[in-house]
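Same chain, two partners: subunit A is paired with subunit B first, then with subunit C.
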Partner chain A sequence: MEEILEILSEIHPDVDFENEEGLADRRIIDSLDIVTIVSEIADRLDVVIPAEEIIPENFNSVKALSELVRRLDEE
Partner chain B sequence: MIFTSLPFVCFMVITVIIYYLIPKRVQWCFLLLCSYVFYTIADPRYLIFIAVTTVTVWFTAIRIEKLHMEQKEYLKLHSKEISKSDKQAYKSKMKSRRMKWLLLGLLLNLGILSVTKYTNFVIANINNIFKGAVSLKRADIIVPLGISFYTFQSLGYIIDVYRNKQQAQHNLFKFALFVSFFPQLAQGPISRYGQLAPSLLAEHRFERKNVSYGAMRIVWGYFKKVVIADRIVAGLTTMIGDEKYTGAYVFCAMLFYAFELYCDFTGGIDITIGIAEAMGIKVTENFNLPYFSKNIKEYWNRWHITMGSWFTDYIFYPISVSTPMLKLSKWSRNHLPAGIGKRITVYISCFVVWLATGIWHGAAWNFVVWGLTNYAVIMISQEFEPLYARFHSRFNVKGKAPYELFQIIRTILLMSMIRMFDCYRNVGLTLRMMWSMITSFKISVFYDGSLMDIGLTASDYMVLLVGFAVVLGVSIIKLKKGSVRDGLYARSSLSFYNIMAVMLIVTLVYGAYGTGYDSSQFIYTQF
Partner chain C sequence: MKQKNVLEYLEKTVRRLPDKTAYADEETVLSFSQVYGQSRAVGSTLLEKGFYNEPVVVFMPKSPKTIAAFFGCVYGGCYYVPIDPEMPRSRIELIFKNLDPRAIICDSRLIDELATYEHNAELMLYDELIKNEINEKALADVRDRQIDTDPIYIVFTSGSTGVPKGVVACHRSVIDYIEQLSEVLGFSEQTVFANQSPLYFDACLKELYPTIKFGATAYLTPQNLFMFPVKLVEYLNEHKVNTICWVVSALTMISAFNTFKTIKPQYLHTIAFGSEVFAIKQFNRWREALPDATFTNLYGPTETTGMCCYYRVDREFEQGDVIPIGRPFQNREVILLTDEGKRAEQGEVGEICIRGTALTLGYYCNPQKTAEVFVQNPLNSRYPELIYRTGDLGRLNEYGELVFVSRKDFQIKHMGHRIELGEIEVNVNTLPGISMCCCLFDRQKDHIWLYYVGEISESELTGELKEKLPRYMLPNRIKKLDALPFTANGKIDRVSLQKRLEEK
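Our next item is the complex of A and B:
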């Protein structure tokens, strides 16, 4: 979770990622940001997020994204 | 039978009336029949194309779903007996089998789309490249009405089933209705199965509110299309049809086209959504006040929304997160400067998406250049974002009304300028005309009566001016207070119907039906 928070903060330093729960729905992060996030996660955490998992629910909060990464890592 | 023809209006009204008179359980069957009648009237030869797409996508989706079920059953039965690596190997084998069916469905239907839409473009280019040596004849191929729209809608469905995000529809005829639903067949929106099908296939009892809301939306759509868009056409055609109209005329044509396209396309979508709404069916919105966007990225989130999201979900993301791209991303981070290294995959994926968007719009170079110009502007804006952020914090302008107005006008002008490639339909001519705006701009064109000689009379300008004010006013109310229809209906249903009647009378009286009027096409039906 810490590492994901760090990745997000590097992309948008001005956003309060710890408390925000509508990152994708409210377009705080857009499709270009999402691709950057996916690349960073693949690079730093060695977890590949497939295209079918790129849906707003998985990217709306740090918690949701961390949960997705944990699930994919376990699989 | 196009939307603005009298036969279509009769067809639409009769369809809605019969829809509520027949038993509810056969409502969807009736809609399927109407959709195929509509398509047959357009051209009976089109039927074979839409039927092939319907059957192949329906069948492959069921095959894919069966493989999903088989995998689920197998893992449920054997999960305790097999190792993790065997499980992975099995999943991978099943994924590969599903992929084969997916590719079959995709390639077959993209093949049909490519052959019908792009064969003559390829022939023209071969002839151009090998001038003299090769002279291929144009192929006599028909382009079925709405093929880009229904093909993309069907492919979105099959990909969703492949991704296990959507259950397959086992009833062929129900699926056929999803592909061919007549209000959205000609110019979209490109609906997702999960969003459209539940209400499309549901039983609907008559509700006055649905019919009233639908009727209001339809009238509003006709107002924009017939009173505004079709009236501008005369002046616009004159200005873009002769190269003597340079400088200020080009600027004028640019703004005319921006307004015409908006009223034409959103008008058509209003009619589509309105017809569906009158029958209680929910069609996805395709616009969200695009001309209030403050930058080009926001504009593309508000204009032709269903196309943008289709390209994002089914092309942009799969390319961006594919294994080769992730490998490239890793390599570029280690070998290229930090900024570029991190964004290289975004640059490449966006390039592919905008190239595809351009080609999707038409088989011509002007559309390719139009798509790639959008790409260039979006990428440059992306790179300049830190600069904008510094500017905003230095001058404290972000969120201030005058600055937001400046951003909105800037975006409208920028998008209108890019759209000139679409308007003039020739890259060289467009560039010459753009250049003339700098070299021979005569401001006197706007007040010396020159604009009276382009096929528009003073009364036309008056109607357009009032039409513009109405569209702008309604848009501002929607922006500030939400749905205008909700506000009117909540206040008093009498005022709601009065306004609808006035709009209808205005549309009938001031619609551009005169000499030279040609409503044979909505601009987006050709895509």
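Our next item is the complex of A and C:
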């Protein structure tokens, strides 16, 4: 969770990620950000997010994204 | 008789296919007869109100109705200027200042938004305009007066001084472009487009005009889908999309996540891309997924009406290869000019200069900038002949194909957009608390870097810039420094900063 918060904050230092629950729906992040997030998570956490998991529900909040990464890591 | 007006496309098609879908998004579906009816109502009203041969701002979000509004302006003998409220505020303000328009067509949901801008224009609501009577006589009279070098639209590009430049394009250039492009990409009545480009860039000409020329159909892809690769491919399949003309980053968004292992586009047979370098690894994933599709690289500056050159991929490419931009469409010539104003030798690098009907009319209310780049052909001293100097450097490869080398100045290509780094700097420097800044581009990572010295924090600066710059111009990395390095003659040392970021 900490690491993911850090990745997001590096991309948008001005966004309050801890309390935001509509990152994708409200277009706070865009397609370029998604590419960056997925590649940073692969680099730093060694977790590969497959295409079918790149859906709005998994990217709307830090919590959702952390849960996705945890789930993929356990698999 | 030869075609002189782009609307002739629509008029021929509406007779043949009145009920077929022309343009559609999630909210609105417009058939050719609806586009025809609505745009002629808009045109009739503009004429009755006395607007003629002048810019009409179309202040609407991306929608099929917006396209009908564009054609409405042309029916009224005016030229459309698309402004989407998603454009940054300061840019919109500058555009209003440059145009000083007398007429604005607005979406009813955007009245409040528009009210926050300063202008002297008469405001007309699209949904009201289309209820007005069609004045056949007035429309016919205007058509009789119009000539093929009258403007159709103005779209704004990035300017190095921070002021966007309005490129004015006419019927003749657009018709010429659409004819050549359609032949190269093989568009037909069966073509189903998924549009990606915003309507305020000339990239959308590729879908807008072939649709009315052939009676094809264009879906305006919801922008959100470009974040979610599987959903995007599902969308293409759901609408049986067979043709896409997208920026490279939209295509790599799909291939980079191995989306093709989950889902493949089922109907897609024509893929055109451009505006930036296609990483060969990603490109080959596309070819592997769709071995029977044609892939065409396109290149062209807004100033010469849409695209100018094409290369249809006809051989294998390996890591490290560059996909060429190929050859010019028919009826335009590319001249590679050396610094001495001579034609470059075989293999020698020169500035890409373009001559032909494709040349737009120049920049709106900006004779100075126009004269800098629309210049007399230095190879012709016998009669007036304009060429457009792109500022791009190119050379011919061993196959005789044109290859893009780099920009001449600080202009870069990023996310499919042409950006002047100087424009970002100008905007940063106007912020309070900034003493100096320098903007650089990391070509390898496709990142814009901003170094600055000042009293505000990196996050404050990011927030401020979001108000000023379009998303694609925002620096990807912002770094506050205690001081910037200087060269011996007192200029910011770009070279050492560039080294610094490349060593990271």
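Definition applied: the second predicted complex is superposed on the first by the 75 of 75 C-alpha atoms of A that agree within 3 Å, B and C clash if a C-alpha of one lies under 4 Å from a C-alpha of the other, contacts with A are read in each partner's own complex, and residues count from 1 in each chain.
By definition in this document, a residue touches a chain if its C-beta (ideal position, glycine included) is under 8 Å from a C-beta of that chain, and two chains touch if they have at least 3 such contacts.
Worth saying up front: this structure is predicted, and the values here are computed from it rather than measured.
**Q** Considering only touches as defined above, state whether A:A24 meets subunit B (first), subunit C (second), both or neither.
**A** In the superposition, A:A24 contacts subunit C only.
**Q** For A:I4, using the defined touch cut-off, is the partner it touches subunit B, subunit C, both, or neither? Pick first, second, both or neither.
**A** neither
**Q** If you stack the two complexes on chain A, which partner ends up touching A:L65: first (subunit B), second (subunit C), both, or neither?
**A** neither
**Q** Is A:A51 touching anything from subunit B or subunit C once the two structures are fitted on A? First, second, both or neither.
**A** both
**Q** Between subunit B (first) and subunit C (second), which, if any, makes contact with A:H12: first, second, both or neither?
**A** Touch partner of A:H12: subunit C, not subunit B.
**Q** Which of the two partners, first being subunit B and second being subunit C, lies in contact with A:A42: first, second, both, or neither?
**A** In the superposition, A:A42 touches subunit B alone.
**Q** Once the shared chain is lined up, is A:L32 touching subunit B (first), subunit C (second), both, or neither of them?
**A** Both partners.
**Q** Of the residues on subunit A, which ones does subunit B touch that subunit C also touches?
**A** Touching subunit B and subunit C on subunit A: residues 27, 30-32, 34-36, 38, 49-52, 54-55.
**Q** Which positions of subunit B touch subunit A when the two form their complex?
**A** Contacts found on subunit B: 163-165, 297, 301, 312-313, 316-318, 320-321, 323, 326, 329-330, 333, 342-343, 345-346, 349-350, 382.
**Q** Would you tell me which residues of subunit C are touching subunit A in their complex?
**A** Checking each residue of subunit C against subunit A gives 223-224, 226-231, 249-250, 253, 256-259, 261-263, 415, 458-460, 462-463, 466, 471, 476, 478.
**Q** Would you tell me which residues of subunit A are touching subunit C in their complex?
**A** 11-14, 24-25, 27, 29-32, 34-36, 38, 49-52, 54-56, 59
**Q** Looking at the complex, which residues from subunit A come into contact with subunit B?
**A** Touch list, subunit A to subunit B: 27, 30-32, 34-36, 38-40, 42-43, 48-52, 54-55.
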